[in-house]
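We just call them A, B, C, D and E in the order they show up, numbering each chain from 1.
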Amino acid sequence: MKRATLAVVILLALFALPMVASGYILYLANLLMVFVVLSLGLNILIGETGQFGLAHAAFYGIGIYTAVLLNNATGAPVLVTLLAGASLAALIGLVLGAISLRMRDIYLALSTFAFGEAVRWVFASWTPVTGGPNGLRINPSNLFGFKLVTDRDAYLLVLVVTLAFLLLTIQITRSRLGSAFRAVRESEIAAAAMGVNVRGVKIAAFALSAFYAGAAGGLFTTFSSFIHPESLGFMTTIMVLTMIVVGGLGSVVGAVGGALILGLFSELLRQLLSFQEIIYGAILMLCMMYAPRGLMGLLERKQAGR
Amino acid sequence: MTWELFLLFFQQSLMSGLVTGSIYALLALAMVMIFNTTDVPNFGQGEIFMVASYIALVLLVFASVPYLVMIPLTLAAVFFGGAIFQRLVLKRVALARGASVNLVIATLGLSYFLKGVMRQTGIAEVPRSFPALFPTDSVSIGMATATVQDFAILGLALAAMAAFFLFFHFTRTGRAMRAVGMNPRAAILVGVDIERMRWLVWGLSSAIAALAGILISPKLLMTADMGIVVILGFAAAIVGGFTSLPGAVVGGFVIGIVENMVGLFVSSKAIVVAPFLAIMLVLLLRPQGLLGGKATAKKV
Amino acid sequence: MSDLLALEGIAAGYGSIQALSGVSLRVTTGTIVALLGSNGAGKTTTLNTISRVVPLTGGRILFDGEPIHELPSSRVVMRGISQVPEGREIFARMSVEENLVIGAHVRRDRAGIAADLERVCDYFPVLKSRFRQMAGTLSGGEQQMLLIARALMARPRILLLDEPSLGLSPIMVQQIFKIIRRLNEDGLTVLLVEQNARLALAVSQYAYVMENGEIRFEGRSADLVKDDGLRRTYLGV
Amino acid sequence: MNAPASLLAIENLTVRFGGLVAVDHVSFEVKPGSIHALIGPNGAGKTTVFNCISRFYQPATGALRFGEHDLLTKPRHRLAELGVARTFQNLELFGELSVFENVLIGTHSQARRTGWLDLFRAGNRPGEHRDRIEHALEQTGIADVRHVKARALDFGRQKMLELARALAVRPTLLLLDEPAAGLRNREIDALDAMLVKLCRTDGLTIVLVEHVMQLVMSISDWVTVLNFGTKIAEGTPAAVQANEQVIDAYLGREQADV
Amino acid sequence: MKIGTYIQSALVVTAAALLLSGAAGAQEPGLSKDSIKIGLFGPMSGKALAYGEDPLNAAKMWYDRINKQGGIWGRKIELVQEDDRCAANDVVAAVKKLVEQDKVFMLNGGSCSTATVAAQEYVLRNKVPFVMLNASGDSALYPPTDYIFGAISISQRAVGGTMIDFATRSLKVKKLGYLNHDDAYGAWNLEAAQFMAKEQGATLIVESVNPDITDITAPILKLKASGAEALLVTAYARPATLAIKKAHELGWKTPIVIAVNGIANLVQMVENVGTKEAFKNLYIQELLADVPGGPKLQWVYDMYKTAYPELAKTPDHPSPYMPYGLASAMVVTHALNLAGPQPTREGVAWVLRNLKFESGVMAGPIEFGDNDRAGQESAIFLKFEGEKGVLQPGVYSNKWKYKG
């Protein structure tokens, strides 16, 4: 009961935020929610299914460019552009998943990493379509005929979509598919013996994770006015990976918490000038040394201690 | 394209590819060593390489230490730096029941940390290099051109690789390191102190990266972001099979040559993406890499 | 006769699982002692606590009267305790020779190592003919021989043998056990873990039977062979 | 209806690993509702046969028939749906997951027919699955530890969990790879009773690989003996125990012959 | 429909606020009786620190001087500083924070062009005058907007255009090898270079490389094999140095012209190339009013030394980009001076659109116009033989113009 009350309070606060917060705060909130969706997606692949795919930024980018191009060309409603971006990302994720079936562990990580870099190169070089190195301007999205111009306009949409993804994630982790994901992570052999289609589940995880990343990209286009391939490289994937690891791999709360905390942290660090890389690096090392299971691990330990 | 031009391009790409490839090979070697003994792909490798280059620079240029003293000093400093990182951080991460991803993220933390520290010193603001030990006069072989320095880099890199090969195969410690990589349990049972081997390997691997830095820095300019070169070392390691030391060397040369060929025959713009395409191609056609052993099927 | 190795009430565990509780056993110099029991009874864990691969949570281990349960594993090998692990724990991508040489990792006497290569190959002539071959290409029996030979390269005073018969053909098992007996006759003390109780009791002088991390029976092997209850459980006859 | 005399028929099965012939032209049949033991020395090919039946290994030659199905045409993950479940010699549990979820995954193959979207439907809510999971937990005596992580269970309970998970598949054929290995005498007796009940009351067919002769001889209807990849004998427990060849290769005589 | 009504209500509120402020007499954000807030941002950490640090310092010392002289129309300049990390998301966050949280009157910042461009839409929507620091930001300058002004040092297009002007008029070369980046920078300078080459009847052979390139053999060899008579390099210092080295190694003795992008530190460049032989036939582009160390600029460097005595002692400070920050701050203070005692954002933007003045720091005048948002578009060239630059006669200019 206490939990439910807490959830309601948080929800109310989230919906009330635009009434009190400045555009800058809402921009941060929007950006953090995009990170949340990205983290939830990568957590499905790495945390739940144990597949080390490191091409998340590429799918994020596919989502962004698809949504932007569709929006700029046709002015289609934002839900259509968002879904189109997510679907295309999922489709490409499906193909990457199918190709990567024969690889595992380090090889999977490295090949998907290479795929991610290759996709980034395509973004940067396919100038007629993506604007290449000039970047691409994003026209305001269209929601039922209203133009989403400011962060404030986009906030409620981003919030609702993010909440929808959160609910979807919770539903998936509780579903047979979620069980199958974890079964594959824990033991492919036993999973197969229990009737889990291991190949199918792996591909599904890739596609689903890419769908999230693509949708996160679509969300980004609703409040952002510019995209540049520089922000779609391996470092972005690593940032999301760090979020889910710091939060606690394989945990929905961890993915959300990690995204929020590291995202906020990064913004706060901006004030710390040139020390920020040192601090970020130190935090990663210390966290791995003393909280290897992330924040969730700490929480669990605390609960167990009581 | 005329036949003559083709020949020129072909020969030059082999020549240049071998020289830069030898550096990629050293970086790949360093990476594979660590991966083999500790199962960690070291994302901090590039920054170790970077810091090592700056240590060399400071000793050589700012402290005016002669070349022949600078090299052992740098190697020793970086050796201990790598070893200390393993002892201080990674050992603790492993003890905390960290999975391999935790170790990877710790190395990532190292990478940020070193980059930040180096920027803080201020010497990384402009690209620098230090005077080469060898003349940069050009020499022609066939139609290709290279400098004396290039040959020295290639020669020294090959010599270093040979030395490491001999070390790994014919010394007690080298053999023990390979044993730890192949079968840690069995290594413990024959009395190998595997914790010691692990920090030794980190030290040694860091020293190899340092050597690569010393060799290439007169040629490639130093910045705090020069560690990015290590991606090519990664590519080389993957192409070679990621667990095979000779594979890493071959992979290094392959990547070096492919880079040049793509630049000359395809487009300068495609140089950066060539290694990644090579990775994907190799993994698709031969997932275990060119020289990697066949992946063993898991026993049911 | 003195006890070369003595375990006094050792306990060990992984996480929340108690793998061994209060295990005590003695191995007299020059004898073969068998440690019997079913899968998961704690036999291998016992050997691993002696080799210091698994940490103790209680009790102590004396070797030649001196406590060794706080030494690092490499020191234990140096003192003269070599384990021949179960399964195929060879260095597959090394040659047979390298496998043997690395067996002598704790030693520094080059001349002695070279001499021991010869000596060990006397016991296992088949290895001599495979010297340059990759160890991974050996047959199961040959790999088992290599494991024993590798352990001998450390000049152990006691050999901890873990399931030497596992997965081997009867003929190969007979050969291996003949060699074990010969090694013992040449003065080597052996602690033998074996599932094949009949075989183990035949070759050993004294035996312990483990179940669920504890010692259940012990006695002279010749007596245990005649024990009906034991026979029923372990021989199924 | 011409009900087949056998539920599972293995014909001329041959498996090679590289140059090694692990299983060499082995044939045997398993009658429905029976307990069929597969025994023989280590390395005789028992587990390999198991792995062929459950489609982890591809035999070089031979046929595998299960009811009217040709198993060799089925992908591995379809077997559970057909009613074949198995356990593993070296335990293949989902270590980080709870006991309950381990068993829940056993029901994975059951709900497929209701369509793809069912994948997203919650699995651990009260209902048909829940009943079956509870039943399996009760049968194997691990209902009290349902929320414990599989990794944290003791060995005996881990074995029971494997069995419970296999039962949740609702199998007609249960393949057990050394179910008694490492169990205490008391536990073996319980297992004995449990398997007999599963077979006689619930009508399951059980094939087991086992070294614990006490169990094999007491519950088996039929025993097949393998040695070096070939079948050297089969028959009732009594007949097999008296077989000279089996005694030589596996059971042994009173006197050790070293 | 929630959002729609929300927007409507927001619009009503905004309109009311505007009316009110108008009535109250220009209650502009960031403006008080005795102070005016300016948002200053640039990279203060990370990869691009070197581009931003000293220009930011230079801007600060100029604002300090103005304050010491009594400020502008009696108001002291109050700086609010933000790090933009030269990354698009961070630039946007910094700008939004400055505008909404800190409520600055106008913006002065940005050292990295592509990242700075990310703030364009927001700045325009909020009608905040924005003067870039040392970013060229060409794609935010064209098509021209009412509030964004950049390229105070030089626009990338002018970099390319003046290079061609120099090579064809001074070196009299018609077949030009052109090495640029494969990024936005490279694309911009190439656009004007191609325009100018056409104008002057020259051919351009282009090789575009990644700024992080490690082995530059392929593009240089291709340019050499193409028979180009001069090598024009618009890359950063690292690739430019590699190019000079490689041309020398390959025995290519053609004239080389290095754009201002690549000459961060000439002493270091000579050291990095390793041999003065390679500088036999090398020209460099310069944007300042005088050769480095020349008397016309002495006051700038003296001012820096006084303001940052500690920093000036460390190697590589001030950076060659330092004066650009000063010029940029001068643009801001000039515009504020001209906007009168009751400045409005709109008014300052109007002043900027019509601003023209001699900074005494840059090579040419700083001038905006109807179709022109790039402040500075001229360059001088020096022949550089490894030690001292010898000024070449003439000022070279870019004839590319934006055509709406």
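Following the convention adopted for this analysis, a residue touches a chain if its C-beta (ideal position, glycine included) is under 8 Å from a C-beta of that chain, and two chains touch if they have at least 3 such contacts.
Keep in mind the model is a prediction, meaning the values are calculated, not measured.
Here the chain-to-chain distance from chain D to chain E, counted in touching steps, is 2.
Steps from chain C to chain E, taking the shortest chain of touch contacts, total 2. Each chain gets a centre from the mean of its Cα atoms; the one farthest from the centre of chain B is D.
For the pairs B-C and B-E, the larger set of C-beta contacts lies at B-E. Taking each chain's centre as the mean of its C-alpha atoms, chain A lies 35 Å from chain E. Each chain gets one centre point, the mean of its Cα atoms, and the points for chain A and chain D are 42 Å apart. Between the Cα centres of chain A and chain B there is a gap of 32 Å. The set of chain E residues touching two or more other chains comprises 45-46, 49, 182. For chain D, residues touching at least two other chains, in rising order: 56, 88, 92. Those residues of chain A in touch with two or more other chains are numbered 125, 189, 274-277.
The residues of chain B lying in touch with chain E in their complex are 5, 8-9, 12-13, 16, 20, 119, 122-123, 125-129, 131-132, 136, 138, 145-147, 218-221, 223-225, 228-229, 232, 256, 259-260, 262-264, 268-269, 271-272. Every residue of chain A that touches chain B in the complex is listed here, in rising order: 46, 52, 99, 102-103, 106-107, 109-111, 113-115, 117-118, 121, 125, 189, 238, 241-242, 245, 249, 274-292. By the touch rule above, chain B contacts chain A in their complex via residues 35, 41, 89, 92-93, 96-99, 101-103, 105-106, 108-117, 119-120, 231, 234-235, 238, 242, 269, 272-273, 275-277, 279-280, 283-284, 287, 298, 300.
By the touch criterion given at the top, residues 51, 53, 72-74, 76-78, 82-83, 85, 89-94, 98, 101-103, 105-106, 150-151, 154 of chain C touch chain B in their complex. Taken in their complex, chain A has these residues touching chain D: 171-172, 174-180, 182-183, 185-187, 189-198, 200, 250.
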